[in-house]
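In what comes next, chain A is part of two complexes: it sits with chain B in the first one and with chain C in the second one.
So, the complex of A and B:
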């Protein structure tokens, strides 16, 4: 028997939302509706980068790997996403879901960004 | 949970096939012959019941149920837990995190908190008693009532400060987050099984067509993956992936998704609990060409993880028409058999390091 919690969400957004909340242990995760897609917003359990001063609200963009491969993630597409998010948002976390159930996360910054300190 | 069982004991079977164990045959004991023949005829290495495969509306292939997920993981490391790195361990991890073992939500922690609270309460009572004695003394000395009230306020503030300090030093004692409300069962003592084991399309096909342990319908799987009217290039791509997957599985490798290293498959000698994957496979068509940056990017990611990059060129040995005909006749295994795999290893060579 299995139970799934979608909270009314479907497909990819629900998958990434559950991954963030119940695997990565993010808090206050909610959906941010954009014009033609959905993003998520929440607080990570740990700092995403050592260069961060403190944990803040992060924006997550769920993407299917097939979309990524067929150039669904272009500079134009990302610019469009950034333009719909608050101006304070300098980076977006791409949540790429593959066909094996894994979600991999990559960070995309707006403009030039110093390589992170490891 | 078979958590502490040694790997070599837990993972005896590299694939979901278990050999039949026959009783000993003793030459001078005819009774043992009868028993042997009976065992030979009646025993079977088929699963008593096939594992149901769920095909989601989003085209994901999942298996649910703790035992079934565990069976597929322990017999060849099939699938990935949607909320785990690979083995579906979310349930056990969450029970640990919430300390749900036997006493219900945060059992031990709650007890500790109760004890601390009791100690605090006792201390407060002692303090209160000593202040009341002090107040009585002050009244006896004829100190103004307003002065006594001021003293009491000061004392209360002192107590509150001490309490705040104590709370800050112990931190939040509860491991339960607000988000956990949706995963804790109504009895408050168990975690809802929200994790599913997800299979790659090629894994689902392999476990349906080659080693039939899944209760699934191959045409339905393919329709979900490719859509109702797939074009030939899409069919060919899936055939290439399947041919490569089956090829390495039949050569004894444990094949898993390569998403974490930007390639198609990872090859493990036995499986993830034993060693790191040694090889990363990129499945290509023989006429597929990429610019140099493509090869170098793939190789650098794979090389950074101490793996060898294998370019698997999967060639079709028959005309495209033949493939299309077999496909539409739903003779999938014959269609897959039209492909053969040729490997090439791509290695970054460093003159300073690779002297031998």
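So, the complex of A and C:
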């Protein structure tokens, strides 16, 4: 995949962005530079939770899954990520990418959260 | 006389807290402490559907109940050793006399009943050996709920010293602080082994509510990375059983910084740290996003 298709992005961020745009059909996906890592922002095709009123902007944090190396995602790092996002943002989507290119998405809420309705 | 606090029996070596009194079980349930009933008949131990007292608590439950003033520890083994050590022959003799006196009263009562019956039938009869044996068989031997040896007052000063020892030996401070945080948020907590967690958190009594969270053991807030394979496994399991997978850690450095600012020497002991400072905790709830 050439650089131009990725909008100048490299590696992990590009992989997750492409997955969001082309596979999950998200719109308005763009990079949010944080102090020591990159996040993404975009609008999902469907509501992420039935508890939501409408589709809003979601923040995505790309991380790499490797079985023998630590992920580097400490609780402190998560708190730091939240502190750099708008105060209205109560959750980020962890985009866990494995070395075969699959990406799985897990939502991380800051604080305690009740299970969503079906 | 009923004690105003709940008695939690604790063997100081195993550190397993037990509650034996049914009223106490009901009281602490009202406080949001669940525990697990684990008493059974020795001959029917497989009948685990019908378990009864004692109620086994998590150590976190026990320490929280004691520190919040709802309960006290009763250290059965130590008390017993102490009581047995100070036992005198005169005391044992007195207990035997007490028992014998009780039996004699019963005998007297039975004899009088027998005489009244005979009088009603207008008969008299001498007491035969058979009658005497029957009378002996009809006597009740009372088994008391509490040993006479430990019925005496608990020795003073033992409470805090052994609470300290228990906390140091068996309690993980991080787990306890997460536990306390969830309690302050009005959650009922039970042991979470069934879901691969440290605690399962219910928004109210488990008889009325489905649980909301599978809470993981406390992590090192600063140095421990999330194991992403665990996140995937826990998140999927959580979604499957309608729970969020919760991770948390204690921000010790903030409490230490506050202590330094006030020019306090940080307390060295776990229990002192527990009592003196309240380090804040950070928790995160994780679930599968529903796609990918």
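Here is the rule we go by: the second predicted complex is superposed on the first by the 110 of 118 C-alpha atoms of A that agree within 3 Å, B and C clash if a C-alpha of one lies under 4 Å from a C-alpha of the other, contacts with A are read in each partner's own complex, and residues count from 1 in each chain.
Here, contacts are C-beta pairs under 8 Å (C-beta built on N, C-alpha and C of every residue); 3 or more make two chains touch, one makes a residue touch a chain.
On a predicted model such as this, the values are computed, not experimentally measured, just so you know.
Novice: Count the residues of chain A touched by chain B and by chain C, then name the partner with the higher count.
Specialist: Here the partner covering more residues of chain A is C.
Novice: Give one of first, second, both or neither to describe whether A:31 is in contact with chain B, with chain C, with both, or with none.
Specialist: So A:31 meets neither chain B nor chain C here.
Novice: Kindly classify A:11 by the partners it touches after superposition: chain B alone (first), chain C alone (second), both, or neither?
Specialist: It touches chain B, and chain C stays clear.
Novice: One more residue to check, A:19. First (chain B), second (chain C), both or neither?
Specialist: It touches chain B and chain C both.
Novice: Is A:65 touching the first partner chain B, the second partner chain C, both, or neither of them?
Specialist: It touches chain B and chain C both.
Novice: When the two structures are overlaid on chain A, which partner does A:76 contact: first (chain B), second (chain C), both, or neither?
Specialist: second
Novice: Just chain B (first), just chain C (second), both, or neither: which does A:99 touch?
Specialist: first
Novice: In the overlaid three-chain picture, which partner chain does A:48 touch, first (chain B) or second (chain C), both, or neither?
Specialist: Once the two structures are laid over each other on A, A:48 reaches chain C alone.
Novice: Touching A:110, do we find chain B (first), chain C (second), both, or neither?
Specialist: second
Novice: Based on the A-chain superposition described above, do chain B and chain C contact any of the same residues on chain A, and if so which?
Specialist: Common to the two interfaces on chain A: residues 19, 23, 65, 96, 104.
Novice: In their complex, what parts of chain B are in touch with chain A?
Specialist: 57-58, 60, 62, 64-65, 79-84, 90, 94, 177-179, 182-183, 192-194, 196-201, 203, 256-257, 259-260
Novice: Give the list of chain A residues in touch with chain B in this complex.
Specialist: Contact set of chain A toward chain B: 1-5, 7, 10-12, 15, 18-19, 21-23, 25, 27, 29, 65, 96, 98-102, 104.
Novice: Once bound in the complex, which stretches of chain C touch chain A?
Specialist: Within the complex, chain C contacts chain A at residues 182, 185, 187, 201, 203, 212-213, 219-229, 231-232, 235, 238, 242-244, 246-249, 282-292.
Novice: With touch defined as at the start, can you tell me which chain A residues reach chain C in the complex?
Specialist: Result: residues 19, 23-24, 44, 46, 48-49, 63, 65, 67, 70-76, 78-79, 93-96, 103-116 of chain A touch chain C.
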